[in-house]
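Heads up, the next two complexes both have chain A, just with different partners, chain B and then chain C.
And then the complex of A and B:
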């Protein structure tokens, strides 16, 4: 788990949305895949597909030590009325400072309160948490339902 | 042709015409008796020589006369030429006109005619002939325009010509019918609220009563001075917010040199022209929070619960009042320039995104928790 990689991921998506790019590729790693899946479930991106450096794979290709270096994860970005659906994507925990949230804090955040320095959730905004025990990236509402705690990763709106 | 002498402008005041006729009466009588035209011009040389622009025909007639007088050969030669001349003129003029023409021709000195002929095209005088008989004490109302300002002639003055209504031959006069509405209306810029609402309803298409009942508030009223080489020129600037307290607002700027009132009026006018709807949550606060940067103004506005009130910048307060926003909190950072704050806030309000749009973008369904969990 690298917050630097996550930061790069968020920055790249933000840059792409600023210039209305339809599909982008990010490094193919477990974290990126989890984050991308989280975004896809919430409806912020239109598609995820594995691919190479050149583009997404039309037919599925197994990842082998030979082609691992060229493997990328391709994301389809969404736009509506000349504006990106992802208006803002930013980190909560940064490489220099991690934000570990307890169960109560998670619930408070999920219900729209301010927790520490984290600004309250806005309408149609999502915060993603990483549960270290199960090593999964989950949305804060789901985490509140399941009584989980974790590290606040990033927020999207 | 010779007619021009009879219709000559300004020079011929009453005195002159009388004199001229008195001198020529004798000739006229002679003409009647003899049925032959003019005797020699030696009688007329003592009288005034009136220089006039002459046509070729006239000169020709004069030359004939000259020849007639200068030759002094006898009365036999002169009548032939003269009679020929008369016959020529008879084709074009009535006998009465002929007589007057002959009188006119008799007045002119042949020597002067020669001199004019020598000059050629320069014979046309650009200056009106002098009128030695007049002392310029009287002004002919028909022929002379009253001289009120210098350079008064043919569009040389910077304002339109003063029409000579008494003259018979003025084609530039236009018929004007009095427009009753314009005469009755006062020409001042200031209007009553009722007039404003009526005029604006015509312009915008909104109901006049709706415009009349709008909440109007000048936010910024200041006096700005334009510095020139000769000093300061004051100019008045007014920023007005207009709203129906139900989710429609408009910002308008008005400027005037006349005074603050006209500036405020213009601002009111422009504000109504700029009316736009803005979304509100539960008709009392903004949709969520927003951080908006407008030029150097950084706005951090947050929605507030019911009953909270407007705890905001005073300029934003006025705009909220006009819009019908009752609960709001927020801070203005960096610049707090009232004009920019107002403009920035209105822009931010219009750029709010409704939850429906956001959900549609993400492909999600909206569920109102109030209605799901609580029964009203």
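And then the complex of A and C:
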């Protein structure tokens, strides 16, 4: 997992929402897919589809070592009243400062407390963490419910 | 109430720790839930680790449980057995009578204290057991966490992507094809490099015909360059100067490019046979074609 790639993802989404682009594409990787799925589940983006650099696939295409470089993940961005649904998206852990949260810290963060330097959750804000054991990206409320720990990845509002 | 007192539960200052009524031995055997909790904790000294020594005390690998001394037994031991029965109070002095009376009151107080404390502890046990059961139930529920209906209906496809590997590896046939393609590419490149080298060698061979190899030839060349074709030399020098000073002159360039195009089209090197022609002659292919052509011409003449 690369925080640099995640930072690029966040910056790209932010740039796209700043200029009101309807769909955008990111490289097709597991991390990007997990992150996009998290955003989709929480209702920050409207669609996820596989595709190539030219656009979303009309017919499904297998991902092979021969076409992996051209494979992209197409995300449909959401807007309401000419305003982007994603107001801000930013990393919590940085490549040089990884934030490992214990189960207790996850619960504290989910219940609206400050954990170390992480500011408390605001209404309509989500923090996503990555559980290394399960190898999945989970929203902090769900992680608290499932009693999981993990690395704080990014927050979106 | 002073400032900061609420911090201590509304009591002024920090009170001493409450002393337990039942000291030493426990009043009941351990409850099942307590045993369950204790089973999770490793206790005692491991095998192979020497036990510590202390005078008047024996260490055990696993500390044996303390003997249970129930409230009833305690009362029997400390209160009932020591109560002064069959005492003729009339024979005692007033002071002694009061002493017995005081002791009786104290014993009764102790009895009621024991009973009350036992009830209190029982209540606490019940609460603790309930809490333990609740905790266990909650933990069990965490294990069977289920996603909402909306999630189940909308995201099975993406979840399925995440379940398996992101990229499908090549099949055996595909892998063989790719390897063949790579070999072909490598060989094509090698062939191109080799033919380029051969062309260069041929070019050198052709150029070698004009090389000056003897002293006489050198003399003749010097005479021709500096005495016979002096004007040519001057003109070339002028051309070079013009080229350096001004824009590109097309007159000479067009001549060069015409020659280059001719060479490329006919497969020649400076008007001399190219690599393909040499190869055909060496392999005898050119000879075969010539013979075939002759046969064809003779055949046409005969008819």
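The rule is simple: the second predicted complex is superposed on the first by the 157 of 157 C-alpha atoms of A that agree within 3 Å, B and C clash if a C-alpha of one lies under 4 Å from a C-alpha of the other, contacts with A are read in each partner's own complex, and residues count from 1 in each chain.
Following the convention adopted for this analysis, a contact is a pair of C-beta atoms (placed from the backbone, for glycine too) under 8 Å apart; a residue touches a chain by one contact, two chains touch by 3 or more.
The structure displayed is predicted, hence computed values, not measured ones.
Partners chain B and chain C, brought together by superposition on chain A, fit side by side with no clash. Applying the stated contact rule after C-alpha superposition, one finds that A:122 touches chain B and leaves chain C untouched.
With both structures placed on the common chain, the touch criterion links A:28 to chain C but leaves chain B unconnected. By the touch criterion defined above, A:147 lies against chain C but remains apart from chain B after alignment on the C-alpha atoms of chain A. In the superposed model, A:48 lies in contact with chain C only, and not with chain B.
Contact with chain B, but none with chain C, is seen for A:80 once the two complexes are overlaid on the shared chain. Shared-chain residue A:63: touches chain C; no touch with chain B. In the superposition on chain A, A:37 makes contact with chain C only, while chain B stays out of contact range. When chain A is checked against chain B and against chain C, the one touching more of its residues turns out to be C. When the two complexes are overlaid on their common chain A, residue A:95 makes contact with neither chain B nor chain C.
Taking Cα centres throughout, chain A sits at the apex of an angle toward chain B and chain C that amounts to 150 degrees, reported as a multiple of 10.
For the pair chain B and chain C, the model built by superposing on chain A gives 11 Å as the shortest CA-CA distance.
Of all residues in chain C, only 139, 142, 145, 151, 155, 158-159, 161-162, 166-170, 174, 178 touch chain A in the complex they form. In the complex of the two chains, the chain B residues touching chain A come out as 287-289, 353, 355, 357-364.
For chain A in complex with chain C, the residues that touch the partner chain are 28-30, 33-34, 36-37, 40-41, 48, 50, 62-66, 68, 136, 145-147.
Every residue of chain A that touches chain B in the complex is listed here, in rising order: 42-44, 78, 80-81, 85, 87, 119-120, 122-124.
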